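Accompanying notes for the structure given below.
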Amino acid sequence: MLINCAAYKEGRKLDEIPVEKISDYIARDDCFVWVALKDPEPAELDVMQREFGLHELAIEDARHGHQNPKVEEYGDSLFVVVKTVDLVEGELKVGEVDIFVGKNYVLSVRSESQQSFLGVRARSEREPHLLKHGPSFVVYALMDAVVDHYFPIVEALEDELDKIELNMFENAAERSNIKRLYQLKRKVMVLKHVVSPLMESAGKLYGGRVPAMFANSQDYFRDVYDHLNRINASIDAIRDTINTAIQVNLSMVAIDDSEVNKRLAAWAAIFAVATAFAGIWGMNFKWMPELDWRYGYPAALGLMASVCSYLYVRFRKARWL
Amino acid sequence: MLINCAAYKEGRKLDEIPVEKISDYIARDDCFVWVALKDPEPAELDVMQREFGLHELAIEDARHGHQNPKVEEYGDSLFVVVKTVDLVEGELKVGEVDIFVGKNYVLSVRSESQQSFLGVRARSEREPHLLKHGPSFVVYALMDAVVDHYFPIVEALEDELDKIELNMFENAAERSNIKRLYQLKRKVMVLKHVVSPLMESAGKLYGGRVPAMFANSQDYFRDVYDHLNRINASIDAIRDTINTAIQVNLSMVAIDDSEVNKRLAAWAAIFAVATAFAGIWGMNFKWMPELDWRYGYPAALGLMASVCSYLYVRFRKARWL
Amino acid sequence: MLINCAAYKEGRKLDEIPVEKISDYIARDDCFVWVALKDPEPAELDVMQREFGLHELAIEDARHGHQNPKVEEYGDSLFVVVKTVDLVEGELKVGEVDIFVGKNYVLSVRSESQQSFLGVRARSEREPHLLKHGPSFVVYALMDAVVDHYFPIVEALEDELDKIELNMFENAAERSNIKRLYQLKRKVMVLKHVVSPLMESAGKLYGGRVPAMFANSQDYFRDVYDHLNRINASIDAIRDTINTAIQVNLSMVAIDDSEVNKRLAAWAAIFAVATAFAGIWGMNFKWMPELDWRYGYPAALGLMASVCSYLYVRFRKARWL
Amino acid sequence: MLINCAAYKEGRKLDEIPVEKISDYIARDDCFVWVALKDPEPAELDVMQREFGLHELAIEDARHGHQNPKVEEYGDSLFVVVKTVDLVEGELKVGEVDIFVGKNYVLSVRSESQQSFLGVRARSEREPHLLKHGPSFVVYALMDAVVDHYFPIVEALEDELDKIELNMFENAAERSNIKRLYQLKRKVMVLKHVVSPLMESAGKLYGGRVPAMFANSQDYFRDVYDHLNRINASIDAIRDTINTAIQVNLSMVAIDDSEVNKRLAAWAAIFAVATAFAGIWGMNFKWMPELDWRYGYPAALGLMASVCSYLYVRFRKARWL
Amino acid sequence: MLINCAAYKEGRKLDEIPVEKISDYIARDDCFVWVALKDPEPAELDVMQREFGLHELAIEDARHGHQNPKVEEYGDSLFVVVKTVDLVEGELKVGEVDIFVGKNYVLSVRSESQQSFLGVRARSEREPHLLKHGPSFVVYALMDAVVDHYFPIVEALEDELDKIELNMFENAAERSNIKRLYQLKRKVMVLKHVVSPLMESAGKLYGGRVPAMFANSQDYFRDVYDHLNRINASIDAIRDTINTAIQVNLSMVAIDDSEVNKRLAAWAAIFAVATAFAGIWGMNFKWMPELDWRYGYPAALGLMASVCSYLYVRFRKARWL
């Protein structure tokens, strides 16, 4: 679906233009064209390929989707893939934005993504002194918008981790702790595989050898890289903490279990003693003089109680009870 | 076994040619020869070595097989090894394709592989504008075919992991979970050792210093590299998840076991109390006044039931039962 | 809040200057301006941006805070982020110092940090032969002060680890060991993420390609790097030891538990034997000749005691008791 | 012990020569000398140092032995260390071959190694067209012989792993599994430390900056490197699998143990019920009407059997039995 | 404390010289000064700084001590830190040697180290042809002496590991195994942090870009590097083995424990059966015909014995007993 198709000159919008005019406008030297598609039909992509003269392999990637984040040069033009991430009902939904950039055009193709970039266009049009930089600024604005969406996701994952952690030290043996740690780890890995290659790619857009048309936006792409770097460090910290938490949780379960064991053993001992005594005086030997004593029974009960109490106190001291 | 032996000129098939004519055709400047062997006899390889003038060490590798994926330069020619992978009844079957490439020839030798490359040849012959690029395009087409076969394998492994995962949280103590995780890990490692060195090798065919005859197919080999990169990332994610799952499964078993322990302890306590009471009133002391009471027995039963019920409720609250 | 705003010439303080004069002073060739802010209002930062001509992206970072430690070049000026760390009631408090450096100015912006840098300024003013080096020396003095604060933190973490370790081998099953190990790990990771990127950044300020204005302070920044390197090595050692300690603690719990199990089993066996004997002689068979023996009862008690003692001795020897 | 000392010209053996003549022969331009020692006396090494003019540090290494595999340049000459590995009664025996190579000589010193290199010399002498390449080919032939011996070792270790694995899933709790895994890991590490540095060293003998005298044998050393690479990949796979197997084995033991626990708990419950009933009817209360019923006893037995059977069936369904 | 202060010319000692003359001698072109201090007072270091013209930052490092091993260039001079390690009553004692090297001087400052370097000086003076190389040879001789001391330490740690290992498979549940593994790991990490940065530093003294005055001693520093490399490989192997041993020990404890559990369960079952039977025949039902049989009692005992024996044999077969 075509969202937008406009030509810009010196940072200001010239006009919305019809799709068939794209090739005419990009033939001009003094303006650039910015087109946005959303979940496009194959035919729409065919038209774009013809109008912009896009490389067969790049258009094939856009058609199939499910690419890794990357920045690829095709001659003078660039093919950029970034992934959007949304948190929907506790699950991460990953979408894709494929961006074709040339000397004087930007074509963004958004797929399976919940994020709209209308805001990016509106804001860019309000800042002509920046938009004047041309396609490279548009690419920056799009990447910046996508990357800024990662921060709340990371925070949500950190919050989830904090919650699990808190519960872990109070109710170690709850199945849900370990299950939530596992599911959190999987989410973190999804995010990691979105962020890590994008960071690597963003690193190619400033510093050393950068594509000519990005030469004067390097500070901006370094800023994107820096954001990704912070996100990546947080992700790594969460990953590492989850791994430790899984081990710590196992230890907590083992400690719990060992306490149950000690209490089981202590009570078993106490009752075994009582039962043994009772068993002995329940024997049917003829000659058992204490059975005939007037206060034999209370004495027996007293002895049993004493021994059991003694054991109880000892176990208490040994912290088995 | 010889599968195919043909000469091509400007992207179109000239003719099937006899093996003995190969050296004549590759002596010509205007065409290239494309030969395909399958599980060849030593003698067949000898003929090929003679006709194409292949390097002794390369032909030795082809003869022995079981090479790691690699790209080796021998003067002006190249020796490429890729591994095919098929999923047969749940097991990974690994085959090998050795490709000798020169300025105007391609010789592919397929061993222990279930995949046929007739489709690759047919498709190439239908696209003369691409086949015109000569041997480098043929190598690309072969590698692309092999690599495209990796995707469904990775998906099958991911599915298997999802199934184990689901079962793990419901029946942690089933031996089959852990056994399947172990076997999945082994499969993943087989795939990793097929994909990882091939990715490294493909990385040499574009970008920096590439062999001259591949100079104008770089975009294509970057595409192969990109596919391998995605596959490799998925493999790493599966590996990492399996490792976590093994630990999580151990924790689930420990939690299961600790619950059994608690229930065992709780019931043991309840019955120990009952048995101790019964034991006491089963003693044979003369003077045990309650034994003579009219409602001594029901009172005793009542007391035992009360104490046991009290314990039951307490254990219930403590979630031991 | 403005803490300080002064101009320096040849290593000596010229005067405190009003904020509006900053741009005049930095227009001069013979002196430099050193300004310090603490938790500034947005308006204060706006003034600074105007007076110093700071880059929009750098000022944005200072405004938002929560940056990773870094060194960024913006044309001829530099933007440096370092993190301060304080140990307050056992918790790590992380603050931030953002430093803008130009040919003849330094602006430091301190946020959420408990550390004051008045001492740094005082010491610098007492050493005009060093302060003469200009802004690069001021940056060094600030970084050095921040980094020197890391050492006692690392030592405190090492002490905590030593304490846990000692307790671990004596009271393995105490919940607090594992909880403290976990919390220590989290603290160590916080410190790691403060130190590690700063070390990387400091490494850019000496050796290879360094910003021109830092050329003659390289030995000083190498010294900072060297300190960070030592701290980083200590952090890695603590991390590694914590990981090992978590595993070792689990093993200790398992050994503890297995000893409880053995003692439980041993005592259970001893009492089971006694109870079985008592049960047998408590049976109501008519013909049980030993019940009528004169010394049947003491003989029975003796037999029970002998068997139990024998078991006790055997368990003792087997180290179950 | 001197094994062999001969001069070669254009790939053919000139003659066996006496040790004192070595320096004369290597002074000539048209031939090269190939000497082989085995477990030499210090005096023999002294003679060699004099005749070949070997560097003090290299000869010291040969004297002490126990070097890591390496390739070191001393001016125009090279010092190569490779380790031989043999599997003797299930144990890995590591030997050492130190090779001194110059423009026209090769001196190999074999220590504590069970492998003879007479075959290498014989084969080389049968292929004068290769031996003509001089010392670099001899070095290749020796390294190739050593490296080819690694393959059966790796296969033996893989077989051992397969056997352990098979047993592990059937008899998890056998001590021998874990012990064999541990010992296998140690063996694998020995092999790793033999293979890994040699691979690194072999990598210096082709490709980039190689010693002049090896310039035209690069294809051969790449082949050695490639073999080592395959071996190294297999070693890494075994290592990784052992680590996983150790964890999996622990999980299997835990599952085993938790099943024993469940059965113990189930049977304990069943018998506790029976014992409690028996205890109750063994009490000595006067008024216990059921004791006087005609069929009280069979009814009691029946009740006990019913309850126990009910429990048995329930435990069966819950898979505790 | 001043240990030694002498001037050397062409590899031979000129004379012991007074400290105040140092600057005069190093002003000469034809000789070099070699000074050794041990645990010096601040004042002694001040004198040295003046006489040798040492850099403030380097002297500060020497004053504070506790540096990481490193090699730092200060203009034409070098500052080298190496750590000595001694094994005193099973504990590692780490000392430090700081070496200042210039065109014609060496100053070594030894702190908290048990090793004397008098032997190094004596040996050097006996080899004027080597000492003639000047300061670089002295630095090599000192480093070589320090590094040679690491080998017996590594061997001692390996022996300790072998002992633990042996005991581990025989007495898995002994607390001391795991404690010794933990302590060994800590020692290994101390050694690792001494060796690893020194190896990195030594790597800068040969090969690529080395300080001018070390140019003709490169073979010697490569030899030091090579020794460190071997030590480092051994350390890594010990570390890896300890990690595996900790896991293996946990598995052995689990297996031990699971065997205790099985025996506990088996004996509990056997006695429970006996006790249940006894309990049944201890009931007080009127009509229990078998109680009146002549051989009821022996029959009962026989039945109990048979059932118990049957269970015993079955448990034996199942290897629970």
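Going in written order, the chains are labelled A, B, C, D and E, and every chain counts its residues from 1.
As a convention for this text, a residue touches a chain if its C-beta (ideal position, glycine included) is under 8 Å from a C-beta of that chain, and two chains touch if they have at least 3 such contacts.
Note that this is a predicted model, so its numbers are computed, not measured.
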item	value
For subunit B and subunit E, chains touching each	D
Distance from the mean Cα position of subunit E to that of subunit D, given in whole angstrom	24
Whole-Å gap separating subunit C and subunit D, where each centre is the average of the chain's CA atoms	40
In subunit B, residues with contacts to at least two other chains	247, 250, 254, 257, 261, 264, 268, 272, 275, 279, 282-284, 288
Touch-based graph of the chains, sorted into line, ring, star, complete or other	ring
Chain order around the ring, beginning at subunit A and proceeding next to subunit C	A, C, E, D, B
Residues on subunit B engaged by subunit A in the complex (per definition of touch)	165, 169, 219-220, 222-223, 226, 229-230, 233, 237, 240-241, 244-245, 247-248, 250-252, 254-255, 257-259, 261-262, 264-265, 268-269, 272-273, 275-276, 279-280, 282-288, 320
Residues on subunit C engaged by subunit A in the complex (per definition of touch)	55, 57, 66-68, 70, 72, 74, 173-175, 178-179, 181-182, 185-186, 189, 193, 197, 243, 246-247, 249-250, 253-254, 256-257, 260-261, 263-264, 267-268, 271-272, 274-275, 278-279, 281-284, 288, 290-297, 300-301, 304
